[in-house]
Amino acid sequence: MNPSSYILIQILTILAVAPLVNGIIRKSKALTQKRQGPPLLQMYWDLYKLLQKSAVVSETASWIFTATPYIVLATAVAAAVLVPVSTLIIPAGFPGDVIMLVYILALGRFFMMLAGLDTGSTFGGMGSSREAMISALIEPSILVSMLTVGLIAQSTAVGEMMAAMKLVTAPLLHPVYLLLFLALVIVLLAETSRIPVDDPATHLELTMVHEAMVLEYSGRQLALMELGAAVKQLVLITLLVNLFLPHDQLLTMTGSGAVLLSVLLYLLKVVLAAVGIAVIETSTVKLRLFSVPNLAALAFILSFLGFLQYFVLGR
Amino acid sequence: MVGFRPEQVYLLMMLLYGGAALSALLLRKHPHWGNLTAHGLCLAAAALGTAASLLQLTVVEAPLRVSLLQSALPLIGVDLVIDRLSAFFILTLSVLGGCVSIYSFGYLQHYFGRRDVGLFNFLYALFILSMFWVLTAGNAVFFFIAWEIMSLLSYFLVVFESEQKENQRAGTIYIIMTHLGTSFLLVGFMLMFSFTQSFDLLAGSATIPGWAKDVMFILFLIGFGTKAGVIPLHIWLPYAHPAAASNVSALMSGIMIKTAIYGLLRFVLGYLQLQHAWWGMLLLGLGLVSAVLGVAYALMEHNIKRLLAFHSIENIGIILIGLGVSFTALAQGHALVGAVALAAALFHTFNHALFKGGLFLGAGALQLATHTKDIEELGGLIKRMPRTALLMLIFSLAISAIVPFNGFVSEWLTYQALLGSIGPGQAGINIIAALAVAALAFSGALAAACFVKLFGISFLGLPRSEHALHAREAPASMQLGMGLLAGLCLAAGVYPLGFLRLIDQVGVALTGTAIAGGLQGGWGTVSYPLAAAGTSISPPAALAVMVGVGLAAGILLRVLGGSGRERRYGTWDCGFAAINSRMQYSATGFSKPLRIVLRLLYRPGRELVVEEGRSPYFPDLMKYKVSTEAIFEKYLYDPGLQLINRFSSKLEYRVQTGSIHMYLLYIFLTMLALMLYNRLV
Amino acid sequence: MANYLDALSVLILVSSFVLVANKRISSYIATFRLQSLLIALTAGMMGLQSLRLEGRVDVLVVGLLIVSLKVIYIPNLLNRTFAQVEYRVEKDFFLNIPLLVLICCGLVVFSYFSISTIAGINAGTINMQVVNSVSVVLIGLLFMISRKKAIGQMVGFLVIENGLFVTALFSTHGMPFIVDMGIFIDMITAVLIMGILVFRINEKFESINLHELKNLRG
Amino acid sequence: MGLFLLAVTGITAVLFLLLPGRNLLHGLSLAASAGLLGGAGGLTREVLRQGQVTYPALGGFFYLDGLSAIILDIVLLLGFLVSVYSVGYLEAEFRHGQVDERRLGIYYFLMYAFMFTMMLALTVKNMGMMWIAIEATTLASAFLVGFYNDKLSVEAAWKYVIICSVGIAVALLGIIFLHLSSLSVLNPPQLLDWTALYDQAEALQSPILRLAFIFILVGFGTKAGLAPMHTWLPGAHSQAPSPISALLSGVLLNSALYGIIRTVAIVNKNLGSSAFTGRLLIAIGLLSMATAAIFILTQKEYKRLLAYSSIEHMGIIALAVGIFTPASIFGALLHMINHSLTKSMLFLSCGTVLQKYGVKEIARIRGVLSLLPVSGPVFLLGLFAIAGTPPFSVFSSELSIIGAVFAADRLLLGAVFILLLALVFMGMALSMFRMFYGGPRGKLVRGENNLPGTVVLMLLLAAIAVTGLYLPPDLQQLLLQAQQIIIGGQAHAG
């Protein structure tokens, strides 16, 4: 398949599905809490409404504040391009790998933290400083675990990694991948600012991290930020599920039908993951900010053990 | 060109630098013209250097040998050897030097009338020249001489503004540390001499026994490590860099500490020919320690130049990680991994010269505009110095290894080299490599945090002091100097292949293995030559996607969105009194979470002073002071120095008692002892 | 003949023992005079001998010089100096006398031990005399170390000179004449300079006790 | 020619006592020292041509060869520079009422007597005469040390005289034994004659010779300021007037070492190996370096600090002589020259600083660089130079010595050597650099007040900077001759 259409598919699928994931998570959380909950498509409406509204911008703010929403969205989408939703659609030798993924997301985060400081408000600074800490603590576990997976594929390109993982039978029963999977789950929760690390629903200054950074945003800028966050979340989910729950080895047929089927299977996995996240969020509580390091340490230990196990047990 | 002789170009370049120094001295009385001519000549020389080294990296094959002086003094001879390794470092030197010279046109104006600009430029030009000699010395003795001259000149530049106490202290610590390091080098060179009877760098080291090679490696490691600021030999660096004028600290941090990297390559890889894998692993270990600790300490600094100095330590660490991997791999015969790691290290050396140089120049601009190095007193400068702000932002992104900039590419190569160095059946290397990956990731994220702090606190928000309020944009020449560097950062980030091809020439010259073939997959795509063609990145593509998406989003909003105006309004103040600059987050506050998380490292001390007013609930004054400890100085260096001092001051009065009888007794006893010796031997 | 010389060398050694045992400045100046006399005797005898055998007069001349300088002039000079600087009775030595004497015996033994390597190089008994003379040198040095007063050091220095001279005399029947002359001139000048310095010390420090001279330390 | 030089010096010395008038005195001293320098040049050329210079007069006592020529040149060169410096120095002292005309005359008299004795020590063939001359140097310089005639300087002078005389006496014992060892070989006219002793060295009686060496080492070692006999040196150097300190440190120590080197040459030739002497010299050399290194670290007065550094460098030279390979001897001689020039430059700039500030404690001095636009920088650079920093000359000779040590496979020794050098540098940096920076305390006017001295300083700085990388061919030939004289056999630059 040629790169341009691949990129198009990627971007469209992920952009389209990302808000839905939030909907699913919220809905299933509500259900587990015996609540009605918002409709699945609520986020789409929210975005639409916000896009209609014009933004209110602080007088202190500089162009950084205005540029950030675009950059955040752009980086999220660019990241999306690097994580194929299905191994069947990857063009040969497509440039871009997981390390690049991490550092593209870093660009978005960098600007988001700057934006937090830009308005000169107290909350923004608080949010960015906390974000700085969490991201710094989480980063090593992502890269070590990704590197371990990369060892099998002898490549850090996500596509190659997925292709290699297809050949592993039942990854989650394999100690190495189980450890890495758990590590990545923690990473996912931290990166997408979910309980127990952060609480997307809170606006309490003691607890909020991501929300504090975007506190000054409103209107269409807020919409872009929200969308960016959702896309980033979906990208990470995709990475997780496509690496550790490979599905393309199940398909026997080929052609565009296969692609369609593979994408559907992928969507199914995403839904599962979303429900899983909801379950975790309801079954745990938000940690104190300074207990987060312990969680991060756990993640790192898991990934490093995984790395060691890889050599203890071989592939 | 016909009959092109690079030697002549280099000679001309040396002459130009010399001329710059002289003219600076001669025009002392007219600082303006003196400055103009001196830096003009330096600029010309830099241009020549760039051209010559580029030519040598691409066209000229054989190393050049220029013999300047054969002295009648034993062991001393001045001859230059310029091969591709030297050429690469000369390129770095000339590029940075040129930009710094442009910058200096404007920057040094604040010296006019207040200081002896002539003397400053004299030292400055000679400093560059001495670095050139270090990079091209053909025999160990001349290398040593050039090395010492370089240290000496940089010392004088550090103490140039010597009326501040801290500068004197900085200078003394610097010169002592560097001199101690240098004496380790001297022992190494002398071992080399005693086994091979020659100081020639290109001669073989076959006649040196293994144990001696190990000893020499350790000596070189300590010697060069001191100059490079490898932890725990780094203590001089955070003092010396802030003390010097900004254009000098740019050179020191951008090039001078890299001469140590050059030395390691020249002597360990080139001369000693790596006999053990543990050499590389030692480097790797040191590298990851320096990378993490360096950035960790940088995070706690609010003096902008000290902060940058600690980041130099971090980046030296990253370079050493690459170097270590390549040494290990080459020692084990994995030529390709070695070559990739080497390329990574060299590329990062080049990149660091660009962005760190730029950052120091920017720091100089800030200091010039606000008369302070403390970022806690800045804020809101993006409004007052927009261009400087943009350039600083670019440098910050580059040093945080963020995507479309050059820092990312070299770190990516380092990651890949680490990945490649991991293989079954070599537990030690694997574990260190995995730790190195973690260290790289950690230091990368911390660096991002640190530069968010630097940029956010000093450029964004509300101004925190009068200085910051009345800051003015830097002169055009300074902006131009920084702008060139920033442009190069972007260029090297978006189209790395061009630079990597040059670097590959060095790699081929050193290790005989080319990676350029494997590196290129399509336009601007850097692919990883070791494994499946899958592993490749294309910064331009990523940039294109991001820009595209950004534009699309913008257009979409224009189309969908109704009224496109955005309203300006005050920041939300929770309905209390209006926000003022003291309410926003300070640098200390920003780094507090990490200070608490990493308290083991800093052993932070805090004290709260409360002056109670009418009632304990309404204190008149509250002071909160946070301090972090410099572990290595407090627990390693100070005790040692105190020990020696106490010993010597004790001995002084025990031995040199002032009593003539004692003195006669010494003579008496010596005589008896010698008579005994004579009788017994 | 030779055994007279032996006796003299022993006597010279003994005289230096006596010197060490002296408590008072005046008394050890006297002892020094005695020692110089003995040396003059030795020189005289050797001079006569060499005159008879080789017709050399230089040793004799040297002997006369000694009489005039070391026996007459310098002791008087010392006495005068000593009389002019104010005199305060105080303990003049660090170690007590018996111990000093014991150490001196030790020195003799030591010099015998360390110089005996050159036994039998020259005709017979020279060896023993050389040992004695060298120990005189060592004892003179020890004397300088053990005395607090400036004059004591001058005397010690002169004793060392004596020791050197007899060493030269016994081992080589005198150095080349010119050298001997030079040595004498040097010695005289040295003593004069020391004398002047003693005066200065006395006027600066109100005492010639060298304990005061401890300002240049470290 | 040579006799003429000696005569001139002696006569001039006496003249100073007779002549009245400051300017006359200064003029005479300038003229005389210039003339002497010229004469030295002529003599050196002769030595270069014929290898040695002797005259039949006075029983042919005069003898000059490459070795002594080198040191003689140092003496006269420094003599000239110091007398130029002294003009400005003494004028300043005169203005401050430190000295009157009479003392001025005495100063010059003693200085020239001092130089005369040193020239004598270097130009006599007879070891006994040499001893006499060296003893005489002590006597001549005693009152120069005590020139200011205050408590401290008198104390220093006393210690200087006593310790050096005792040491020299021990050396005389050595000379006697040397004489003894040669009795059965040499006959009266050539007794104690160095050339004769050296030619017949194999025939001398080793046991006595060894003993002689021991005593001469202790004796001349005392004069040369080798630890542990160095104790007189810091006091004397710090109390003497700075120009004299320059002479003491730059010249006197060398001429004492000269005595040792001559003896070493004989003994090694006799014993057929340098093991016996080498061990002692290396041990004492290292001890001196270590002592200096430790004492410099917490030194509080700058002149004492420099004195200790002289001890260190004497140790270096002794060590190099102890190695006794052609290369090391070459380095040692070269180091003698370089150390003399550099150290005297330092002491002279010390003098300027002292006259400007009037205090010797480092702690009470600030802002030398800003206050003394020429001497300050010269002083600082001189410190770097003396600590062995390229491109100054001390570095090049230290390098050749270190190279010789390593080439002789004394790896550990070499490493310790370098370590000690580094320690010394560290000590200097820690204790001394702070006096250069910052602003001066109190109301001191900026500017130099000793113009001729300033010129001298710049000349010296230029000299040590140039010879750092370049060695004049004549000097090289002279050094090779000297090396050959000491070590025998074929000469080569190492």
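By letter and in written order, the chains are A, B, C and D; residue numbering begins at 1 in each of them.
The definition used in the following text is that contacts are C-beta pairs under 8 Å (C-beta built on N, C-alpha and C of every residue); 3 or more make two chains touch, one makes a residue touch a chain.
The shown structure was predicted, so the numbers you read here are calculated from the model rather than taken from an experiment.
When chain centres are taken as C-alpha averages, the shortest distance to the whole-protein C-alpha average belongs to B. For the pair chain C and chain D, the distance between C-alpha centroids works out to 31 Å. Spacing of chain A relative to chain D, judged by their CA centroids, is 79 angstrom. For this pair, chain A with chain B, the centres built from the Cα atoms lie 35 Å apart. Inter-chain centre distance (chain B to chain D, centres taken as mean C-alpha positions): 45 Å. Multi-chain contact residues, meaning those touching two or more other chains, do not occur anywhere in chain A.
Each of the following residues of chain B touches two or more other chains: 652, 656, 660, 664, 667, 671, 675, 678.
Counting partners per residue, chain D has 158-159, 162, 166, 170, 211, 234, 295, 298-299 as the residues that reach two or more other chains. Pairs of chains meeting the touch criterion are A-B, B-C, B-D, C-D.
Residue ranges of chain B in contact with chain C, taken from their complex: 652-653, 656-661, 664-665, 667-668, 671-672, 675-676, 678-679. Taken in their complex, chain D has these residues touching chain C: 126, 128-129, 131-132, 135-136, 138-139, 142-143, 146, 149-152, 154-159, 161-162, 165-166, 169-170, 172-173, 176-177, 179-180, 183, 188, 191-192, 205, 207-208, 211, 234-235, 238-239, 295, 298-300, 304. By the touch criterion given at the top, residues 7, 11, 51-52, 54-64, 66, 70-71, 73-75, 77-78, 81, 92-97, 99-100, 102-104, 106-107, 109-110, 113-114, 116-122, 124-126, 128-130, 132-133, 135-140, 142-144, 147, 150-151, 153-157, 159-160, 215-216, 219-221, 224, 289-290, 293, 300, 304, 307-308, 311, 314 of chain A touch chain B in their complex.
Note for the complex: chain B touches chain D at residues 69, 71-76, 78, 141, 144-145, 148-149, 152, 159, 162-163, 165, 167-168, 171-172, 175-176, 179-180, 183, 186-187, 190-191, 193-194, 197, 644-645, 647-649, 651-652, 655-656, 660, 662-664, 666-667, 670-671, 674-675, 677-678, 681. Within the complex, the chain B residues that touch chain A are 379-380, 382-383, 397, 400-404, 408, 411-412, 415-416, 418-419, 422, 424, 427, 430-431, 434, 437-442, 444-446, 448-449, 451-453, 455-457, 459-462, 521-522, 525, 527-528, 530-538, 541-542, 545-547, 549-550, 553-554, 557, 560-573, 579, 581, 583-585, 589-594, 596-597.
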